[in-house]
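Each of the next two complexes has chain A plus one other chain: chain B in the first, chain C in the second.
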Partner chain A sequence: MNLSRRDLLRGASALGLAAAMPGIAGAADAPKPGGVLTVHLPTEQRILNPALRASTGVYVITSKIIEALVDLGPDGRPVGVLASEWEATPDGRNVTFKLREGVKWHDGKPFTAADVQFTAMELWKKQLNYGTQLQQHLEAVDTPDPQTAIFRYARPMPLNLLLRALCDLGYIVPRHLYEGTNVLENPANTAPIGTGPFRFVQYERGQFVIAEKNPNYWRQNLPYLDRIVWRFITDKSAATAAVETGQVQISPYNGLSLADLDRLKSDPRFDVSTRGTEANAFNNTLEFNTRRKELSDVRVRRAIAHAIDVDFFIENFLYGQGKPATGPIPSSSTAFYPGGEPPYRFDRKKAEALLDEAGYKRGAGGQRFSLRLVPINNGEDVPLLATFIQQSLGQIGIKVEIVQLDIAGALTTVYRDWNFDIATGWHQYRGDPAVSTTVWYRSGSPKGAPWTNQWGWQSDAVDRLIDDAAAELDPVRRKGLYADWVRAVNDELPVWMVTERQFYDVTSKTVQNDHNIPRWGSSDWRDTWLKS
Partner chain B sequence: MRILGLALRRLAASLPTLLIILVGLFLLLQLAPGDTVDALVAQIGGGDPAMIDELRRFYGLDASAAVQLGNYLWRLVRLDLGFSAIYGKPVATVIIERLPATLLLMSSSLALAFAAGMALGIVAAQRVNRWPDTLISTLGLIFYATPSFWFGLMGIVIFSIHLGWLPPGGFEEIGAGHAGLRRAVDIFWHLLLPTLTLALIFLATYLRIMRAAMLEVMTLDFVRTARAKGLAPTAITVRHVMRNALLPMITLVGLQAGTILGGSVVVESVFALPGLGRLAYESVVQRDLNTLLGIVFVSAVLVIVVNFLVDLAYARLDPRVGAG
Partner chain C sequence: MDFLRRYLASPPAVIGLVLLALVLAMAASADLLFPRDPLGLAGRPLQWPLANPRFWLGTDNMGRDIAAQVFHGARISLLIALVSTALAIVIGVVVGAVAGFYGGIVDDVLMRVTEAFQILPNFLLLLVLVAVFGSTLTTVTIAIGIVSWPASARLTRAEFLSLRNRDFVAACRGLGMGDARLIFAEILPNALPPVIVYAGVIMAVAILLESALAFLSLSDPNVPSWGNLIGAGRSVLRTQWYVSAIPGVAILVTVLAVSLVGQGLNDALNPRLRRR
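Showing the complex of A and B:
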């Protein structure tokens, strides 16, 4: 439905067929060019270079200005943007990208393979978070002609991993602005020059970013919008007021409070939905420090999972915005999701029995042992879950003390000092398990690396599955390896994925052609328009 | 010339205080777990160890705390506030960008609070223990006891969402391209609610002080003399009582000058204003040491300057207070 509508609309507007096809024109209005779209952002990332900082907060702004080699299509499969076609050699070591012709940077210089080569070698491989990991075996990028870039890898690189990862980690910046400078200090990091449908205009720190229509965009007659304004509003109540008064038309990625999201769902002026955020799934997590004697016993870890009523938490604390997770790969990731049930359903009796069996009987006052819980505050639901865990575990005789820290403090305490027994925060899934998910389970991450396996837990079998899957070129076998891996980590439970959630976007109904691809908030919005 | 000498002496006396504040703050932030790279990585949602080490080297965080402090103080001697880690530009620029909004908001709300507090204080003192006094004092107490975020949000709900009279936030209409008078009017409408919200909080203090000072001065001998001379009540109030009752008010303004530059984290957040309060708050959360120290340094200097000006004002109002 989305595919046909999107394509037909573009076709209709470009070729003037709208009148000849009244059926379609009636189904959806013809796009109207013009207008200013204002977007709310709850945090300010300050760097506007997606080849240097991989984060949705950066993409929301820069993906309209700077383009990637590929993006996700409406069906969730990679489609070409700056790359028009690609091919991998059978050994998986060389990937050739054919680049689009006639593309120009906003300053008028032509876009060529040299830009791709420079960005890949100097930014993705050396600076970009998660990019350095993805491209660690990238040896060189050959540019036999200005429209061809050949990525040469020392080890086989699965094409489906590379393409999915490049939607987020594949943005190209102009070589002529970055070459010979300190990449981190380059002024273009806050005044970006790209090839995208919108040109950067102004960035006022703490207030807003403005981009305007690029009249020379390589896709003819696009974009429709005249301007996009992103406003930084940190207070969630103030942001809701801005949405309700029409000052902003879109608040993406859970920018408003859970209560307001729930309230606005029944407001006919807005669309509150997870549509178009399928590629950004996340989980509430419970991490175990298995250096702690009690937690080194898998029965205790399972008992804790059995003791927490996830359905109750989601219904009453999250306003139903989520579901119990079945493992570290979310159900929205159709290419890898192995299916299945939540591995540990709520059963307080079973939890008590497991703890008794492990040898931790209730002692004086009915208490078995006590744990220190560190919440890592990614969102407003994290302290809620921490309290819920505290109360749930209290009922099976485990006393929980919550340690309150801000996010920098909590990350240091958990990941560098290992000064915790259990922790809770978010796991964010980025399209392919190899990008940022398997590091939660793979051994060997250096001490201090956040959101990696710092649990004092290691399994040779799991390490092998992770390594094999990351180098497996056959997509079907790769999916099978990840299914085995999910089974193994659900069984061992060094980290428990408690919930599976998607971000909610609030969109004014005046916005058209919105949320038509799985990572829409981080896409180029070239065909978005405003109904007056 | 005497004023210049006094200014220099004041400055010399405040230098040790300034040093203690800066060093103390530096050490305090060292005690907080995590540094600016941790905060940065938290914000971008993670990264790998090689990139994190590289960033720590780039921001000079691999050096020991003593070396970092030494470097900072040495830069300060040369009037260099350093480079902001999270904004990627000099701290001085970052602060100057935020100054206009902060100064406008804080000085207008302080001026409003001062004027309204003075007027209401006089009315209350003249009708002491009668219904106008009770009403004014009770209202003042209610304003003082109510959190400013609640006032702000209620103001938004009523005047922006329900009535649609005022914009719910921001400093001006973005990208409207207004200039000159249009722009001033636009900014006025945007700042009306936040200014009122902040002024209501300050108002209570000024009102109470003014009322108490008026009551005290009214019992003094020279007021009785003035009355005995047959002066009109208004003339007594304005020329004799008010002028003397203003001294404690001026003192309070001097004390609150520090909060002017500090801004108001709450009001700035509720109304999405780009002020120094939010900047300072975000600097703590982001562990951006240079920016935070820079704000403290600038605020401290401003407090010193304002207090000096307050001393001069004293001398104007009450010739008995010499400038020596």
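Showing the complex of A and C:
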């Protein structure tokens, strides 16, 4: 078992990933070193430290500069990056990582287990969003020698959960720059030093970030690109123009408008695809505030789900980019997806019957009651869905008033002030349900924590399933527990996952070896090259 | 009669009046021609104008009938324009009249307040007000009124400064008239014509301000306004430009009509232009 994995890793690093990627268009051409790759970013997070902020907007830049212990391989399984091998004790409480030798930080200092220990204890466990949750039972990281880090947990930690989570939540920053400082205000947060294939050069606020080739990268003869430039273009029309004129070669994660994505699909110069974003599935959501009397009745929540024609919405509003969700675990998550059908098919008659049964008959003017809807504007499709919900619920006698707020205001209103009846936004799935999905349903999140259960809804059975699954070491039983959990929350419906979607990247066809792993936009791009 | 004849003698003023009547007719007939909820789902989104006989101006990217929204939107735009202009004029006239009539320290205080409003770009102030008080139809209308009054205050004050020492005012004082009556019954009617003309400008700007707010998705999404439609069409501008262009034309026509009428009133009321 252990031997075969080691062999596989050795094989992959010896050949270089370029050779390990057969079947990609243009694989027949030999990679040509050199060139500048320009990337569009629609938003700016003002932080370049992935060990402090878990967000694709941060990974797109920093994953080229700072490396994680592991990343996903082409088949979606974790492969070693800074860790070369790993092993868990049978009780699941100790996980040992062997670290790669001869790796140096960009400032020349050697990378050792002390860096892993410091980053895990001081950043992941204390500061990183989702990391604090994941590592809450991490007691210590032992470093018997510079090439070994032993993670000790108070409760069993499933190895497959830890490895999948560490692809996003496992970036290592240098201890010698952070130790003894206020990590939140460390200058390295905006001028990062890492071990990756590219070195940070310059960050101009609101304009661009530049990184250049790291000549001392630990993988021989990589990377191919000379430079990567990330340009912040917030206006979507301007971004489309930049893509079409060739000023930028890649616009990742739905950076362009849905209409332009649809239009560029038929443009032979570009590849518009969800390939390489499989690990970044997301859902359009509908959250119910069950403190509201009408919504505390599960029949009303189900009636609302039955009243919305999701197929029509996806086909006509989203240009077919998505499908109805079957629950909070997306079908792209093969390790956990329990299968099944969308739980609430469009059926207006049934919706009306459920509302009548719950005692909310149509009153004067055919109206049953009214609801305040707060859209959390993660993307341009959120106001579209808000309008569609308003239109659909109007048909069954529920008047919906949309409350328009900027994203910060909407997050506060929903997650801190609980001042909403229904809300709609995005749920992002990150490889394992325990990373950022079960918190949407588990009770006990502090008031104000965004994207957690703030619905006034609690179920002991669901809480128990979530806790048991997070500590279950056997992968088959773990998958079974999550299947039970999906059934339970689909039935109770505190949050309805309306659609299941994937991000679309627009890539110029000059870019080679692109999108060859399931989280490519957030990977290191060491083997990416440009065809002239 | 004389006034009406002078007004009708100017072709642009007549065109403005006709256009304005057209917009009013649209607003009045909206319920008759489009009885369904203009924000309801009408059909497949993004049908081109004239492609489907049911939607002769097409549908927007949320599947709503554009023609219905343009007609119902005329009501909202006119409502916002009229109410916020009335508000701006009332505040402006009261402040300007009191400042101009009393002068001295009252004038200084009121004019410094007016200037405090004037030095802020009015759209930025509007954004702040909407961000703080939320974006319902009522708050948006009041907020537009609040950012629009300073100019009419200065105009009224200037008129009052020149009128307050005239003989007829002195005569009224001699008759023992109180300040309130002097201001509102005697001086104000003489000071009003330029302010009324200026109301046309405020009205046109109010329509544009609401549209700009809606373009930034900060206006009330629960009413069918022209700006909301333009804002919604922004994301499909490259392919389905008509979603933004049609309400854009409606705004253009309305603002043009209000400006032409305002200009016509100015020409008709201005005694110096009488003999031209």
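By our rule, the second predicted complex is superposed on the first by the 505 of 532 C-alpha atoms of A that agree within 3 Å, B and C clash if a C-alpha of one lies under 4 Å from a C-alpha of the other, contacts with A are read in each partner's own complex, and residues count from 1 in each chain.
By our rule, a residue touches a chain if its C-beta (ideal position, glycine included) is under 8 Å from a C-beta of that chain, and two chains touch if they have at least 3 such contacts.
All of these numbers come straight from a predicted model, not from anything done at the bench.
In the superposition on chain A, A:234 contacts chain B only, with no contact to chain C. By the touch criterion defined above, A:45 reaches chain B but does not reach chain C. Contact with both chain B and chain C is seen for A:406 once the two complexes are overlaid on the shared chain.
By the touch criterion stated above, A:449 is placed in contact with chain B alone, chain C being left untouched.
Of the two partner chains placed by the overlay, neither chain B nor chain C lies in contact with A:531. With both structures placed on the common chain, the touch criterion links A:477 to neither chain B nor chain C. Looking at the shared chain after the overlay, A:391 reaches chain C, while chain B stays out of its contact range. In the superposed pair of complexes, A:361 makes contact with neither chain B nor chain C. Of the two partner chains, chain C is the only one that A:257 touches; chain B does not reach it. In the superposition on chain A, the residues of chain A touched by chain B in one structure and by chain C in the other are 237, 405-406, 409.
Chain B contributes residues 32-36, 38-39, 41-52, 54-55, 58, 86-89, 94, 97-98, 153, 156-157, 160-161, 164, 167-171, 174-175, 269-272, 274, 278-279, 285-287 to its touches with chain A in the complex. Within the complex formed with chain C, the residues of chain A that make contact are 236-237, 240, 257-260, 263, 316-317, 377, 380, 383-384, 386-388, 390-392, 394, 401-406, 409. Across the complex, chain A is touched by residues 37, 39-41, 44-46, 61-63, 131, 134-135, 217-222, 232, 234-240 of chain C. Note for the complex: chain A touches chain B at residues 36, 38, 43, 45-47, 53-58, 126-130, 132-133, 184-185, 189-190, 204-208, 210, 227, 229, 231-235, 237-239, 241-242, 244-245, 247, 405-413, 417, 428, 436, 445-446, 448-451.
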